[in-house]
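Read from first to last, the chains carry the letters A, B, C and D; within each, the first residue is number 1.
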Amino acid sequence: MRVGVLTGGGDCPGLNAVIRAIVRKGVQEYGYDFTGFRDGWRGPLENATVRLDIPAVRGILPRGGTVLGSSRTNPLKVADGIRRIKQTLAELEVEALITIGGEDTLGVAARLSEEHGVPCVGVPKTIDNDLSATDYTFGFDTAVGIATEAIDRLHTTAESHMRVLVVEVMGRHAGWIALHSGLAGGANVILIPEQRFDVEQVCTWVTSRFRASYAPIVVVAEGAMPKDGDMVLKDQSLDSFGHVRLSGVGEWLAKEIEKRTGNEARTTVLGHVQRGGTPSAFDRWLATRFGLHAIDCVRDRDFGRMVALRGTDIVRVPIADATARLKTVDPALYEEVGVFFG
Amino acid sequence: MRVGVLTGGGDCPGLNAVIRAIVRKGVQEYGYDFTGFRDGWRGPLENATVRLDIPAVRGILPRGGTVLGSSRTNPLKVADGIRRIKQTLAELEVEALITIGGEDTLGVAARLSEEHGVPCVGVPKTIDNDLSATDYTFGFDTAVGIATEAIDRLHTTAESHMRVLVVEVMGRHAGWIALHSGLAGGANVILIPEQRFDVEQVCTWVTSRFRASYAPIVVVAEGAMPKDGDMVLKDQSLDSFGHVRLSGVGEWLAKEIEKRTGNEARTTVLGHVQRGGTPSAFDRWLATRFGLHAIDCVRDRDFGRMVALRGTDIVRVPIADATARLKTVDPALYEEVGVFFG
Amino acid sequence: MRVGVLTGGGDCPGLNAVIRAIVRKGVQEYGYDFTGFRDGWRGPLENATVRLDIPAVRGILPRGGTVLGSSRTNPLKVADGIRRIKQTLAELEVEALITIGGEDTLGVAARLSEEHGVPCVGVPKTIDNDLSATDYTFGFDTAVGIATEAIDRLHTTAESHMRVLVVEVMGRHAGWIALHSGLAGGANVILIPEQRFDVEQVCTWVTSRFRASYAPIVVVAEGAMPKDGDMVLKDQSLDSFGHVRLSGVGEWLAKEIEKRTGNEARTTVLGHVQRGGTPSAFDRWLATRFGLHAIDCVRDRDFGRMVALRGTDIVRVPIADATARLKTVDPALYEEVGVFFG
Amino acid sequence: MRVGVLTGGGDCPGLNAVIRAIVRKGVQEYGYDFTGFRDGWRGPLENATVRLDIPAVRGILPRGGTVLGSSRTNPLKVADGIRRIKQTLAELEVEALITIGGEDTLGVAARLSEEHGVPCVGVPKTIDNDLSATDYTFGFDTAVGIATEAIDRLHTTAESHMRVLVVEVMGRHAGWIALHSGLAGGANVILIPEQRFDVEQVCTWVTSRFRASYAPIVVVAEGAMPKDGDMVLKDQSLDSFGHVRLSGVGEWLAKEIEKRTGNEARTTVLGHVQRGGTPSAFDRWLATRFGLHAIDCVRDRDFGRMVALRGTDIVRVPIADATARLKTVDPALYEEVGVFFG
């Protein structure tokens, strides 16, 4: 049997660990051959492939990125996309396709599997941890670790200068990275996309922290929005380069805090460092186990399924379950963490 | 209400995070007062206390160790121990006791709670992750991370000199650290206490790795034993200092591999570095949530209970459940990982 | 004898190590008493002091920041500043003043020492490594290490998406951090304030890197300027918040590269994380030795002097030597490193 | 021109950085061809070579180990060794040989160069930093960083249990790693091979530390010896496996401290983790510059020379200078650091 593998969407530590586990077990235990598709869905669309065998996966476990390359190409938006994918798979005699990706990549896999009979197995991947049906996605622990280390470092600068430091972390639609790294880093305020924040409340927390003779750290997810959010967007549109990414909510918030409290405030936007580099031990463990179970799905011809973490077990769920709705931060959990604000 | 807190057993990253969370929520939300007991059960036995309030827990979140100190004192083995503990609690008007510890510490808490009416709440703690009733214990992720980083480093030395490197990690009765760090570090052999190993099989793996022109890394839990294990113990008893710890199974195994395969072999015993220093982000998250839920148990007067992780939720279980039996590595999981051996 | 100590200017890993060394040796070997002045020159100006003895410096060696606090207060610009400082020193019976700081702080110390008879000893401090008369300043190695680790991480993101990644690091007037971290991180282009850069040349390097099927990393010091630099400044003045810091040369350059080469480009601004957190082993070594030698200057009543590193020796130089001119990157060194561009 | 390159002796972070710099500059600037010799002097002895060109050095900068392999083969001790080396070089038309190594490897290069007309250039390499004629060798900073991080971690274990922790670090003949990591890690006692230590004095320091309510960390170089050193050796000979390495001075000292002070003591032997893994930013900088200057020596046909660090400059010295005598810790420097003992 020949098995195809592709990785789609943004960079995420652990992708190579998944690929390695799939190939090691597939070759050694089941005698499969593999075809690596290049750059996500572009691979099967354009018949762009990469050699994928035991030597090709040697030494890649600790390396960030993906040896297959990635892209955000969506075959559903490409003329004749599905037919071209089916044709490539037929030509190459690929009998099963393991798709490693986030909401978009898995959404395509679900459609291909359910509506077009393409035998797909899904592996959930997102830095943001916002996929349903799995307790955690790999890459998230690494991102939280990097953000936490940065917050640890910023504490000393905040204290030495008695300044507010606003740290903008990843998370457009879900606040998991902000919540975990903010808690672990001892932040005094954590703002997430799930709940619009009140700038006045933030300023009250900041001021109370200063009164206790400590300098506050505010962790804000890039997708967090103030209650009067339209203003932010208007301000962003004035940015001289038209780039939203470096004049986002963090910058806006620091300016508001300065204006309203009179305290000096600075912003650090962690950006792409959160998604690169070697995966944490936890992510290597999770990614490897996902890979081992994904190839078992193939062996069992259990298609249309995605591997997922439940407690300490790897289980199988319908791919569509993962993409049906975003996994956001539960209000009760946010409130639990709120005891540390201020 | 006055609440006592103690930490027992070995050092473990995250202890301070638990203590901080208990005090922050207890004071801020419930208005409790706290008494810190010094050095585990020695504290209530000898009325040895530490001030424990908001200033006392300031800045301790990222710090390893425990501000309360620890010991392995077992009040059940001390003359009149239980009576003395009850007397101290009565004198200090401590109405609830949060005990943070492993099998031994929690075993005492279970007895005190069930048989002697002492209102205890348990928080599970062990580097080794071998407590039942919880998916993970804090400290484990940090230990695995440190061991994995060490294994990453040892790869280059192994390769440059084409030597076998045996890495002995913690785990007397359970192989969790060996299994996780071995997998994450890309080890070629992982040996755990749960299954006696066959030295000849290990040598076969080592040799096959060399044939592929790579140098093998063997990760061995300190409690792992060969099938002909009595020999090891006899050898250890010959050690000139009577110290088992640095002439353990790792040393023995390296020597056997040298003798049987003719390849040079070296041992690294990671030792105490695995249990010290700042906790990982995951452990800070888990330890903090354990603390928040433990003080909620106190508020609910839900005594005799231990907080535990189930998936992503913190739940409450009878303390005795955690200590009833050791959580060891499931043979199926060990076999799953075995695909990477050799 | 009573000795005053102050730390001025920006946060810098190693400040606490200097303070600890001064106090440990001063108390233990020479029997001195110490007065800590709070927040740089504000301390002696306003008689704001901190207790400074052996217990006060316990455990601070690995901690970032400064237990004395810091500020950019310049007594030469404060009415009656010098007289007030002399008065505070007289009142407190402080007979020697150790000033730990950068160009500004040391400039004041030089003036006070030479023109006003205040017995000062200087310790050079700057993340940027741009002080003359010393081979290195502490804090620099830590900053380079953090920037290098970030660049290591960004490589995988660049490769996975075949994007240009522009990393903006600290260095307003000197390119030391950019040069060292860019070289250590394997950057393909390094731009420093000492030499105006040619955007077309940068685009040529970027394009040639892509042709070799690799994604380029461009490291740029915040103070680097293109040959047509006025344009940058004009653009920056359009920034909607009036903040230069997050829409600096990195942002501008990414935009230009996108426009001119058609390749996607992203910017990461490392910001304050470069100056916080625990100092590297090298910086702890250097800072500690600076402290030990500074207190020896006091004992020798060798005032108006600054401690400095020459090879592996700590030497004494006139304070004024350090501030006379900025230590910038030698064109020959920049050219040496240039072999890795493109 | 064809240039040969070899790496000899123990593993050392930065070897690959040297190789990369040599090849990048040699090919790009001077148009040289390269021959990589495998496993140190074994390569030219047995005509064992490795392809060495730009693609071969791609991506190796951050990787520990050496792509050329290493060995301790000494051609001066091999029958007909020198003639065989000259014959290989002649056959392969290698006109210059860059030898990267420590005392032994460079000693051979010096002899070959001076006595046998083989055109050698040396690059100094040793974790231990004990080569004369250069301020630092690459690999040393990485080793010190790893040891310091370990000592940081051990502090919390020492404090939590009020135990003595003895950390044995590398350094058979020189105490540089012990001195630097011990100082940076805040050790309470540092013992080096250059000065025989007095166990009673060590116990006095340990006891005084406990009296101040802190737990002591003792850093000891593997080559350090007590004044009554013969005893140690006798004890070691009793070791059941005949392995000196894990029952060295650290173990012996912990046992003595326990016996003499009654305090519990534990040993951690850092071992090979100190010499593996990715090099620090400083070591990448130094190794890269050594490589760039070594190839310049070749271009200048300046043979019999070794590159060396003097302050911030790379200079050239006779190879023999580096190996003439060991660079040991100056007694004055050891005394300077001694202010922190006890």
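One rule holds in what follows: a residue touches a chain if its C-beta (ideal position, glycine included) is under 8 Å from a C-beta of that chain, and two chains touch if they have at least 3 such contacts.
Computed from a predicted structure; not experimentally measured.
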How many steps does it take, at the fewest, to get from chain B to chain C if each step moves to a chain that touches the one before? 2
Of all chains, the one whose CA centroid lies most distant from that of chain D is A
If you average the CA atoms of chain C and of chain D, how far apart do the two points sit, in angstrom? 30
Chain A to chain D, mean C-alpha position gap in Å, rounds to 41
Rounded Å distance between chain A and chain C, as computed from the means of their C-alpha atoms: 34
Would you mind listing the residues of chain B that make contact with two or more other chains? 152
Chain C-touching residues of chain D, taken from the complex the two chains share: 24-25, 28-29, 58-59, 61-62, 135-136, 141, 144-145, 147-148, 152, 180-181, 183-186, 214, 278, 280-282, 284-285, 288-289, 292, 310-312, 336, 339-340
Which stretch or stretches of chain B touch chain D in the complex? 10-11, 13, 15, 63-66, 69-71, 146, 149-150, 152-157, 159-162, 165, 235-236, 238-241, 243, 245-247, 251-252, 255, 266-273, 275-277
